[in-house]
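Below is a structure I'd like to ask you about.
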Amino acid sequence: MQLEETLRHKRQEKDILLMTHIVLGYPSFETNRKVVSQMVENGVDCIEMQIPFSEPMADGPVILKANQDSLAFGTTVKECMAFGAEMAATHNIPFLFMTYYNIIYKYGEERFFKDCRAAKIQGLIVPDLSPEMGENFFTLATTYQVAPILIYAPTSTDKRMETLNNFADGFIYCVARRGVTGKKSSFDQDFDSYLARCTSATSLPIAVGFGIQDAEDVACLKGKADIAVIGSQTIRLVDEKGPEAVGPFIASLR
Amino acid sequence: MQLEETLRHKRQEKDILLMTHIVLGYPSFETNRKVVSQMVENGVDCIEMQIPFSEPMADGPVILKANQDSLAFGTTVKECMAFGAEMAATHNIPFLFMTYYNIIYKYGEERFFKDCRAAKIQGLIVPDLSPEMGENFFTLATTYQVAPILIYAPTSTDKRMETLNNFADGFIYCVARRGVTGKKSSFDQDFDSYLARCTSATSLPIAVGFGIQDAEDVACLKGKADIAVIGSQTIRLVDEKGPEAVGPFIASLR
Amino acid sequence: MDTKGYFGNWGGAFIPEILHETFEQLKISYAAARKDPAFWQEYVDIMCSYSCRPTPLTYAENLTRHFGGAKIFIKREDLNHTGAHKANNVMGQGLLVKKMGKKRVIAETGAGQHGVATATMAAKFGFDCTVYMGEVDVKRQRPNVFWMEKMGATVIPVKDGSRTLKDAINEAFRDWVTNIDSTHYVFGTACGPAPFPEMVSWFQSIIGQEARKQIVASHGKLPAKVYACVGGGSNAMGIFQGFLDEQAVELIGVEAGGKGLQSGLHASRLCGTDATPGVAQGYKTMFLQNDEGQMLETHSVSAGLDYVGVSPILADLWEKKKVRFESATDDEVMETLDLTMKMEGIIPALESTHAFVQAFKEVPHLSPDDAIIINQSGRGDKDIFTIAHAFKDPSWQEFIIERAKEYEK
Amino acid sequence: MDTKGYFGNWGGAFIPEILHETFEQLKISYAAARKDPAFWQEYVDIMCSYSCRPTPLTYAENLTRHFGGAKIFIKREDLNHTGAHKANNVMGQGLLVKKMGKKRVIAETGAGQHGVATATMAAKFGFDCTVYMGEVDVKRQRPNVFWMEKMGATVIPVKDGSRTLKDAINEAFRDWVTNIDSTHYVFGTACGPAPFPEMVSWFQSIIGQEARKQIVASHGKLPAKVYACVGGGSNAMGIFQGFLDEQAVELIGVEAGGKGLQSGLHASRLCGTDATPGVAQGYKTMFLQNDEGQMLETHSVSAGLDYVGVSPILADLWEKKKVRFESATDDEVMETLDLTMKMEGIIPALESTHAFVQAFKEVPHLSPDDAIIINQSGRGDKDIFTIAHAFKDPSWQEFIIERAKEYEK
């Protein structure tokens, strides 16, 4: 409940919120630290931190490579947990973990939730875990008050959205289009009616992600969604121009 | 009849006759000419001249290569016929042609016999033509009085020898062993009993060929056969030491 | 399979939400097909007229004499069109795709056999086809790549991760989530999210159905033991299903022992102690992974067994002790391949040879009244580059060098 | 075959006297086998359990639609163990050798298919095995050489003459006359001295027997036309024998047109005008030879059709106009191979593809009520070096170059 409230609160002050994404340990925790600062300073409202996994099935080439490089540098889940705690303690916005289910499963589900709770992580995005597969997970989420964020896709039926809504908390992550992260999306009429379906299927805030890359994209979402999610684009930016480029980029978005 | 008579006649003067073998056009007709002279001067009693064929199925590596090289130099059947005529006119011993059936078949059987007759060629050895396959051939042989020389092999039954004897003329060519031309034979007890079978199956003179390479081999045949056939050995000699080496070699054999 | 796609503690469907509907539809189509005897008949008919089912059960008289134990029978999946049991699965899924009205198929491939089979099926059914293949596998199985392309498929070398089968699977999923509407993902083995493990096993069960009838006809009774190699587990599931209900028939799955179970360079999930439960590639099974859940690199001389996971159905049978698991090392495989070629004139695929290794270890101890079946999942021709290389054949090396000279000109 | 081994004006047995007895014994054994229904049954049984007979008759739906004429059926000899119809002949002769009590077999081979088949049969029956293969063919079919050796055979590259099939045959005869007592020469096609042409055709007739039953079952009546490629003629004789007594079924043999019938670079004996009657390699037929009777060099992209002579039985059927002969050029073959792979997911051997070429030229002009059969004598996998080369596949070339670098180290 805490995450939803925080976001609703912020939303009253802004016509759209920004959520960004980083891959932990890529290119280093040191850079992650700088990037997060730049983001927070330039008005990002929420950050999802991806714990790298060797098999990031739902991610596109940019994030995939970041996952692999981070692991090659030796990043561990424990370090990620500690880094998450540090960020949550340092910056006054909600932090989430994004990762694949095996990371949590191997860490131990309950231990993972306990540690997230302790680290003040407010939500979890696990793209390969549905309510059906995650019974225990969703129970623990309630117990430990870490929001399980669920995903709507353009292929989700109304009925499916309803089901998901019953398990979701914090906000609903609406995937803008088919495909993996990192490619441009187009916000056409189909998209609008999809978003309308999303909105009417939940009372939670609506985030839209996948392929949002610039101010124009963000502008498109104003009035239709609560949160715009910038994913691969900042990773690309850091790769090409270093962490300092992130601040101005974020500032330009809204 | 003529060939048989000539050989019988010579045989009365010598304890064994020598027959030698050359491949026409190999290494050249000029060399053939020299080799034949050397052979005749040193007491060879009969010469088989092989008209080269591209598929000499029953010949070993030495003669096979000679066939192929001769053809590669452009040797034609017509040239061979002319050379045969020249030899028969020059030297006072019987000359035979040895070749595969296709050469005769393509030349035209009757024409071939006619030309052999005119060239004073006294016999023909065609290793891939049996009486069963050569009805016309054997009729023509009688008509044109060119002796069809047939082959006995260690695998021939008594009955088979009898059959062959009915078609053979001139002499019987007894193959000393299994295999193709050019390899050493051993003249053991089996060989003796084989030769005894050959002798009792025909009244024609008996030639023994395949693997006869030196005076020792020839000596072994004395008293058991009428003719010793020296095949690949002289070709090897010419290849290695030139035509001049042939005379002394022949002289040393008997 | 329970309603959630589990077999005991294993399986499930851990998939991105975007695939949810696709899986719902797939489950419906599969259930309908499974209920409809006409579908199975159509499947059998096409396998008889396009491939050469029933594949023979060959009595290996010389090997039997050599080992002096039970009679050795070999189930000849190598005689299938495209040379492996993979044909069964792809033709079955092809029929299903036709019924679902999709026009494009994608596939992952390790050894390349499943890729070739899928490309072949796509040509036959008129589907567009894209095959994902780890870059390492592209290199070791180039001839298969060539044939896939010639059959009209697009082969995409995957350069991520360990650049082998598991990475090809990830990449195929990435394609699928992008092109769900038009595309069916022809999963190549009895792994992946439900209903794939069960569905693939169902199509492969034709092996066991035939083998059971054939062994009774030839030998007069059921076999004592049945051996199959286990990569993902589809050929093993295929033949095991013919005998699962028989207590008296022992089923043995043979995994890739690589350089040895102690070496860390292998792909043994169910035998050995290196694997632990995990969830990846859409399903839960025993994975070769580190303590944090990151998948490890695996090793096998045979690309088709070189995989981190294993069929959840086999994991369940393993846990319930209904199937025994063993492993064969690369060296054992080469030696056994040599023996089998020389004694029977049969060339098993390197994958299949793993099953032969374990069978040959055990057969001398069995009674001559008994019989065993080895499932020869594929033929070794496809492996010529690997096999000739492993045998260090000098004229092969010369030949390759000479060919290369022609191309370098 | 008459008592002298002739078929009309063709055939006979032109053999060195040393082989006379061996041939007498062979003729007796063959006659006995032919009279004995149990022998044929044993032969069929082994072909069913070791190879996968009956091989399917595949309906090529896509190609049929593409050409819009008669229904195209493909007889799938490619699915035989070892990948070609050659398996039929060798297993038959193997059984005969067993009955004759000999312990060693020799064979000639062109494409290598017959060599692989013989090596396989020898492994299965426990015979020693030596295979003669022209040096040129060794080069173009190295994978087959590798497998023969692995199966325990000795492969001897023949360096005489044109270093192709005919020279391998001569060399095999040379071995035979040396080792007659222990050795049987497993002739690979329906050529050579009697009784080989008839005996090989008899074993291959299993193709036609099956095909006739299968086409009637699938199509309801006999086919309008039957196509087969013709090297020595064994696969053609095999399928033709199923239909020879039917006036209404036209039989078409397709020879290697190489670079074109006018180019001199081909292997067309019965179509075209370059061949003349002759006697070589133990039999009388139409040979590609010069006026003096010296055999010419032949050319074909497919090693298995690259031969100077042709079955005397086919020469007779040609003379009697019971079989029509056509040719296909190398270029046509590559184009048709491409089409067939893409449309049906089937890879015919280069040899077999010749039959496809001619069939595709004629099928559009036939009625959709009719059917044709193409005999797919073998699979194209074995030809990868030739096919990848002919298609100038750049990644194949790169792959070979890279491999070579490893070996040059």
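The letters A, B, C and D name the chains in turn, as written, and every chain counts its residues from 1.
We adopt the following convention: a contact is a pair of C-beta atoms (placed from the backbone, for glycine too) under 8 Å apart; a residue touches a chain by one contact, two chains touch by 3 or more.
Computed from a predicted model, the values in this text were never measured in an experiment.
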>> Based only on mean CA positions, could you tell me how far chain A sits from chain C in angstrom?
In response: 37
> If you average the CA atoms of chain C and of chain D, how far apart do the two points sit, in angstrom?
Replying inline: 33
>> Taking the mean of the C-alpha atoms as each chain's centre, how many Å separate chain A from chain B?
In response: 97
> Touch graph of the chains shown: is it line, ring, star, complete or other?
Replying inline: line
> What chain-chain pairs meet the touch criterion?
Replying inline: A-C, B-D, C-D
>> Which residues of chain A touch chain C once you look at their complex with the stated criterion?
In response: 53-60, 64-65, 68, 71, 76-77, 100-103, 105-107, 127-130, 132-133, 150-157, 160, 164, 175, 178-180
>> If we count contacts the way the header does, which residues on chain D are in touch with chain B in the complex?
In response: 4, 12-22, 160-161, 166, 170, 173-174, 177-181, 276-282, 287, 289, 291-295
> For chain C, which residues are in contact with chain D within the complex?
Replying inline: 48-52, 55-59, 62, 76, 79, 81, 83, 119-124, 126, 139, 142-143, 145-147, 149-152, 218, 338, 341-347, 381-382, 384-385, 387-388, 391, 393, 395-397, 399-405, 407-408
